[in-house]
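Both complexes shown next keep chain A, but they swap its partner, so chain B is in the first and chain C is in the second.
== the complex of A and B ==
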């Protein structure tokens, strides 16, 4: 019975059927299936399939984002019933740097991290440097993930790193950077710890730090 | 030694005739910020006042030496004319604040039917642009003016609440209202383009900024991008005006669709494209421009010295200039991270290395 539901919710996420994903999540709860088990056996494998399809260019951003919406429709229903776990496998502060409003890449990283048990504090987009610094001091994340799509705002990324040093926070958090114009060279130049080209790279990196489950 | 006016030079290169030298055609956008600051204006002032905008745009040719004028210098004109609201809050260095959409005209599919194609002589900042084009044409009749229209999908992202993410999701859902909205944005760009041509623009330039190779498939590009740009191209082509097309990021997977489907007069290439490949494959069929790096983390126009810019420009010129059909250009817009001396270095490189014998 449960296996059938896992398969159905998996299919709903892969094809991006938002209503069906939500309905199945509610049905799973009504059938007294553990929400964590539904997440682990239904939702997480679904996003792995979606990610694979994206890599193979069977899916592009429109299909991937639609699947993400279906994932969140179900995940948010299940999350409300999950035993509260404040840090998960690790706490990630994530956002788009000041001056940039492009947040699709950041959102894709967030969904993959959340789907794999990391707790993400989403700062949103065009986030002032000071807000990052305050939040790092306040919530003590394990990771700070910064994104920008635009070249001119790479400077904001550099300044955020400088701010962390100035405030004595730099050694308290691992910093990953990504986005269209970013490269390993730039990452090293500004003193970040990691550069990733995509959400899978980001997941591999945080898992390599916290250790796999 | 210049023997042609910028207009003659630009047209000669575009039509595969021999110009005196390679023209330097630039997409000035936030790169004008250096001058906005020197003139002690804010972005809001300069984008909303014809006299102030004229002062800034004029410098593209008189100060930097580009062979063209390019305006609007921001991307939000169509979105604003269609009813979205801007706030000047996006920091872009030096304490300056650019406009970003803060309230979208379309929140639900039914909103699309409530919006009419704006009248360019009245809507939003369009009259400001038209006024500046008229003044430029009068004062500089020998310098071509490129009037800029947003790609229809980019305008959709400026009028649809949820921006590109919502557009992508609605595309995947195959929501029919997205095509209605693309059509509305296309007709808006056509109306704006025609008005700019009437005011004195000699070319219409466009950018496809969100529908890039890592985001959409060639099939999606064929459905959501090509037919709409083609309509703009046909509408201005009927007036004898060329359509100049820039695809952000790597245009390679879409090039056949662009060249055969949209049929612009020229494609301006992004940093990501191998200019040699583009010249060899398409350079006889269509004019090309490009592509001194401006938008990657190693972008020479942003981080290099003027000497390094000249060396990079020389490489582009050597590829592009044989057989004509080539404009020297940056790999994307001239943005506020590009130092003024590096813009001038492009022009110097064309004069030094781009002279036709």
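== the complex of A and C ==
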């Protein structure tokens, strides 16, 4: 019965059926299936399939958005019942830089990190540099992950790193950067610790720092 | 001397204006293509028999009677949706144009950093390359920053409202291609949903002074109505494009006087 639910919730997320994903999450909890197991066997593999379909150009932006919505519809229901410590396996402050609203990539990274036990403090999109600096000082994340899709707003990443140095926060947090125009060259140039091309790389990186499950 | 111009269809209006208003450019030849059709017609209307077409670059012969002429290739909108398509398309056509040109003007910017290392891609070309630049000499980010008059102007606008969609005449002409086809949305309702998810709220009409402003405003209003955006307007500029052509002409004049080698790459 559990296997059937895992398959159905997986399918719902892959096709982007938001309502069905939510319904199946509630059903799973009602059937006393462990919410972490539903996440690991149903939701995480679904996003892996979605990501693969995107890489193969079978899925595009609209499908990615729908599947992400379906994932979160289910995950937010399950998360309420998950036994997660305050810091989980690690705390990640994540957001899109000032002037940019494109957050699908950031959301995919957040999905994968949360589904794998990391606590994500999501700053959202169009986040001013000073807000990142204040939040780093306030919540002491292990990781700060910044995203942008546009080349003009890459400057905000550089200035955020400079701000961390000026505020004496740089050695207290590992910084990862990502987004369409970003590269390892840019990452090194601005003094960040990591560049990721996709959410799987982001997970591998944070796990390499905190240790795998 | 021949200036090779390789540009995106989205900038067709701006290019037609710059080419038709430059007193040094005596002739414009287009390599025929679907994306070039409207530019050819528009320039014919402005320059008459100073506009020519060839089916292939191989058919082009420089005109010994003119000091500066332009050989033009226009590539279709939306190439930037796939990095390899944009990079390969620009590289291929730049190489073709360079065989018949003394200098190449690329009517592209960094375009999401897809063209960041375009000079390396084009290493070994017969002729120097000029790319549109900000005042500080950095390559312009993309067509939006270009028509706004520079990257800083773009940043000023997105700091006012991050969810801003910028429109020009060329952009409005091609919006359905760019938003429906290139984003692989099944319909406009899906595009509207995507915009809502991304929190786009404003359409900014960029008026560079070319064409009919009332017509641009009317098209902007139609676009805004489809997506429930509020409208604002800003003055744009063709300075960056005009500077690029100016730079190309200066470099060719220097070359004629023996002051520059063939292998100089100019950003």
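Assume the second predicted complex is superposed on the first by the 212 of 213 C-alpha atoms of A that agree within 3 Å, B and C clash if a C-alpha of one lies under 4 Å from a C-alpha of the other, contacts with A are read in each partner's own complex, and residues count from 1 in each chain.
In this text, a contact is a pair of C-beta atoms (placed from the backbone, for glycine too) under 8 Å apart; a residue touches a chain by one contact, two chains touch by 3 or more.
Values in this document were obtained by computation on a predicted structure and should not be read as measured data.
When both complexes are overlaid on chain A, chain B and chain C end up clashing with each other. Judged by the number of chain A residues each one touches, B leads among chain B and chain C. Once the two complexes are laid over each other on the shared chain, residue contacts for A:16 go to chain B alone; chain C is not touched. With both structures placed on the common chain, the touch criterion links A:80 to neither chain B nor chain C.
Of the two partner chains, neither chain B nor chain C is touched by A:209. Of the two partner chains, both chain B and chain C are touched by A:151.
When both complexes are overlaid on chain A, the residue A:165 reaches neither chain B nor chain C. When the shared chain is aligned, no partner comes close enough to touch A:139: not chain B, not chain C. The contact surfaces that chain B and chain C form on chain A in the two complexes overlap at residues 60-62, 65, 98-99, 101-103, 126, 150-153, 155, 180-183. Remark: chain A residues 16, 57, 60-63, 65-66, 69, 98-99, 101-104, 107, 126, 150-156, 180-183, 185-186 touch chain B in the complex. Residues of chain C that touch chain A in their complex: 110, 112-113, 116, 141-142, 145, 151, 154-155, 158-159, 162-163, 183-186, 190, 193-194, 197-200. Only residues 60-62, 65, 98-103, 125-126, 149-153, 155, 180-183 of chain A touch chain C when the two sit together in their complex. On the side of chain B, the complex with chain A involves touching residues 30, 89-93, 100, 163-165, 168-169, 171-173, 214-217, 220, 249, 294-299, 302, 335-337.
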